[in-house]
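Letters A, B and C mark the chains as written, and numbering starts fresh at 1 in each.
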Amino acid sequence: MNRTFSQKIKCFVTSWEMVLLCLLVAECVIFGAANPKFLKPALLFNSMNDFMSICIISLFVTFVMITGGIDIQAGSIVGLTSIIIGVTWQDYGCNIWVSVLIAVAAAALCGALSGFFIAYCGVQAMVVTLGGQFLYAGVALLVSNLASTASYQGISGFPEDFRVLAKTKFFGIVPSQLVVFLILVVIAYILLHRTKYGRKIFLVGVNPEAASYSGINYKRVIMSTYVLSAISASIAGIVLTSYLGSAKSDLGSNFTLNIITAVVLGGTLSTGGKGNVIGTALASMVIGLLRFGLPLCFKIGTQYLDIPVGILLLAVVLGRAAAGHPRIVNLKARLKRSKPA
Amino acid sequence: MKKILKARELSSFLFLVVLFLIVGILNPSFLTAGNIIACFNDSVVYIIVSVGMAFAIFIGEIDVSVGANLGFTATVVGCMLRDGQNWAVAFLTGILIGAAIGLFNGWGVAVMNVPSLIFTLGTNGVMRGMMYVYTGGAWVENLPAEFKQLYTMPLAGSITVSFTVTAVIVVVVHLLLKHTKRGRYFIAVGDNPAGATLVGIPAVRTKVVAYVVCGIFAAVSGIVFSSRVGFVTATSGNGYEMKAVAACVLGGISLSGGVGSVIGASIGAVIMASISRLLVFMELGSTYDNTITGVMLLAIVVVDALMQRRTAEMNRRQRLAARTGSADFGKGGNA
Amino acid sequence: MPEKALLNIKNIYKSFGMNAVLKGISLDLNEGEVLALIGGNGAGKSTLMKIIMGIYQHDSGEIYVKGEKVTSNKTSAALASGIYMVPQEPLLFPNMSVEENIEIGFNQKKSELHKELLELMRDVGWNLDLNRKASSLSIAEQQMVEILRGLLRRAQILILDEPTSALAFDEVESLFACVEDLKSKGIGIIYITHRLAEVFQIATDVAIMRDGRVPVRGKVSEFTREMLVKGLLPPDAQEKENSLKARMKGVDYEHLKPVFEIQNLSGYGFSDISLKVYPGEILGMAGVVGAGRTELATTVFGKDKVLSGRVLLDGKDITGLSTRQVIEAGLNYVPEDRHLHGLFKISDIAANTSSAMLEKKEMGRFFLNKKAECEMTQKYVDDFRIKVTGQDQLAGSLSGGNQQKVVIGRSLSTSPKLVILDEPTRGIDAAARGDVYSIIHELREQGVAVLLISSDMEEIIELSDRVMTVCQGRINGEFAGTDINQDTLMSASFGITKHSEVGA
């Protein structure tokens, strides 16, 4: 049943990932032509620090969306993680790595709570994660009140070995955030596409009823995806805190649109059942470069960046909807039939 | 049994009263007519945007673009007023913008069948960016003084005209929804889409109209917002979509559609708008705002979902039990 | 004809994709007639009704309402011309009051409607609290609301789709009284049912639908039960039976211990069921749709609550275990609704086949053993002659028969001691049906016990060693050897138990 090498190549060339790769190259060419500075490796790599958190979270929100759910709370967990690290370290005298562990555990707990409501109580994922967004952002604010410094200032002055986490540059140029991202891509890829757990995620997304008739505990699978996405948000929070050198409760509050766009653009069906990690990774890079290139090369203010991202999201969902619309499908079928005649 | 429907709004209202009383017990200085009226006066923007959101939720969908819609309309109308444009023209432009955004959302969701959250999230991003494009990120200031006074203009005592007009509009919309043929379509489509088709209700058209109404309400709230605040920033309206959803849920509207009323949404909006004031009187500060909203939202939707599932399960079992002829099961189970 | 014709249907054809459902239906309904429409599953009854209601569009043919040709195929047009359908599962608005439910979609003033509704209810003699919420109504009451809705719309043609399937005995009585009343008012009623007794109780006319056609229609007085039963059977049924019986070889009941046993099991939709299945035996379970067989199977499979009784598999008590544990214990189930409960349509065939094995070590401990999956899938693709372009073909793009083989393959992958097959050949073509039959025979050879649930009597007869019939949630007959024939099974399934001995 193994396909030949040439078949594999052919399959890859016609895949959606290839389209995304072309988009990435096109971005590089266009931005590079408009402003050659864009292609300076040091600048390009440095720019990645600004959007790596989105890439990291998108990877695991992909899991959630494959099960047919949605996660709009991940952004608020970034801020929660960040502030928990800051407060436990600064005001409760924890070792910085203990603080990090506490923050990850808290994030996992938040994910588990939302996941529980969604999987076991049958509440729509959208509503629960909406409430979660309020709740976790609110808790982050409360935690920041425990700090001796004012919340708008953030907590800074972290020890050097924590700062190193995001400051290290491999080979003098590759930022450690990118390395973290690539490691997570590998982990997510293996988890989703190579393990039994990953297979269950897909099956649950395609048809939860059929999955349960196959003896799969679909509720547990659904809940676990929210835990994973919360943990990925906490990792993004850790890296971001380390990179910025200060802990703030409102980090990540405007990530939602970018995350969802990255996942949907990456080829994940908004109705669940289909999607892949590589697609999401590429799509998040497409969005990231867009957010870096437009201001640099076309002098577009960073505040405007929601427009292209929003349009991208609308274009992708509308395009997919149109392709699956009964009228278009009928038309296609008619064209196909009329061709041989 | 009609009371059950009413009870959902009533319990929201009681919740509001209890909330006021608790705060009053903790801090007696809160319980003055002035404070309570201020809570209502302050909630006009929330009420209008929540009533619009209620339409989207009635039909079983959601619209998270109302925040950007509100902000964009406020920006455009604010600019026109600042530049001395005729008020009527400015307001009409704002409303048309809102209707257009609503129409676009309705087309995407009802005609193209895109999941509503994702589609309106995209619209939200685009409109938010458009606000920057329109103003270049600058604040819209120096609105005419008369316009700024519009919001606080008193009617009788400290009750404002704006609140009174809003209250009247809410009641009128409520009556239209309950007592006209087409008004009931919104609830019907959300309650049982298959059943709605069977009695000849045009489901797609009803959904599009619901989104247009939602867009218009968001636009009106944008105009009121600019009058109230007196200036418009590039982030105006941020987060209103979430507050509006929370207000609807607090007001007893079910997010699966088909349940609730705009009166409920308005009561929910008053609760949402009052929380920060209440927190001040409880000496907690506004930092608790989001936490409390989140907890209330989650608690209500989880309880609601569990109860609904229980009812559905009961009905199914009763139906199955009836087949075997063991008719005594589930009879009279409608207490 | 003395009566005035309300509805004429002429030569209606309808197919879904390649699947022809209606093959030239002609039917008419006159004032004051109650036309009982009977037929097996998949005969096309509900498709026909949906076409009359304007929910589906027919491919060719004509429909006349009160002599006028129907040109527009919209539900609102059908409603306007006085047709109303009470669906099998009432489609009320659960969160509205009874009154709101009935009056929705009218142009008149509310007060007028209210007056009219009260008059109507007095006329019919029903007492319903109009302010109650629809979700609090019993099924019978919901049906009453639906009928009132139809009457208030001045419906001349009322379609009742298996109205008694969810009703208790006394509720049936009151429904019948209402139907009698409507009949006397000149309203034409199409009454779809699975219960032959009802035909004689309230219908004036009867039509049998089979395989997308109406081979029999006439006055009820011209028919006997036996004639109806015969009409439901395919014309060549008799000959087939004899040739098939010869192939059967007996099961050695005396020396075998039952591998699967149900003792006085009650649950939602069935009551007091007892049965035994022996290794290498195929136990057929006949009955009509809604008799409670699927509910029995899914409850045993851990999908619903057991009210009382026990289930034993190989001596081990598996009552009330979770689906995963039941599969682990050695039982598997091929669901009745392949699309809803069986298939992962946008997943490939390998993923579909291996889904029940994910909990087992053969598929790897943590990582998915793709090689094992591939081998297993290939084995079933080869053994069952599943026509695929490759293992990566999506299950949704297969034909119905091949989809069903994939689902069966999955349920056998866990090497169960007992397989419950629920309508294993519904909606699949003849060739695939033959393949499924040989799979079942093969299982029998291997000593696997099979519980075969089917509404297709031919199928039951061809495959089963022993047959039990289920009617209204209870076992009402057990047949073996020569007693297994179309007549006895059909009669028992429809609740006519004159030739059968009850017992297990």
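We adopt the following convention: a residue touches a chain if its C-beta (ideal position, glycine included) is under 8 Å from a C-beta of that chain, and two chains touch if they have at least 3 such contacts.
Worth saying up front: this structure is predicted, and the values here are computed from it rather than measured.
Q: Please flag the chain sitting at the greatest distance from subunit B, going by CA centroids.
A: C
Q: Quick check: which two chains are joined by the most contacting C-beta pairs?
A: Result: the chain pair A-B has the most contacts.
Q: So the centre of each chain is just the mean of its C-alpha atoms; given that, what is the distance between subunit B and subunit C in Å?
A: About 44 Å, centre to centre.
Q: Hey, how far is the Cα centre of subunit A from the one of subunit B, in Å?
A: 30
Q: Can you list the residues on subunit B that touch subunit C in the complex?
A: Touching subunit C from subunit B are residues 1-2, 4-5, 179, 181, 184, 187-188, 191-192, 194-202, 254, 258-259, 311, 315-327, 330-331, 334.
Q: Across the complex, what residues on subunit C touch subunit B?
A: 53, 55, 74-76, 79-80, 85, 87, 91-97, 100, 104-107, 110, 129, 131-133, 135-139, 149, 165-171, 268-271, 290-292, 295, 472-474
Q: Under the definition above, what is the set of subunit A residues touching subunit B in their complex?
A: 70, 72, 117, 121-124, 126-128, 130-139, 141-142, 144-145, 256-257, 260-261, 264, 270-271, 301, 303-311, 313-314, 317-318, 321-322, 325
Q: What residues of subunit A sit close enough to touch subunit C in their complex?
A: 1, 190, 194-200, 202-203, 206-207, 209-217, 269, 273-274
Q: Note which residues of subunit C are touching subunit A in the complex, please.
A: My answer: residues 301, 303, 322-324, 326-328, 333, 335, 340-347, 351, 354-356, 358-359, 363-364, 366-368, 374, 378, 390-391, 410.
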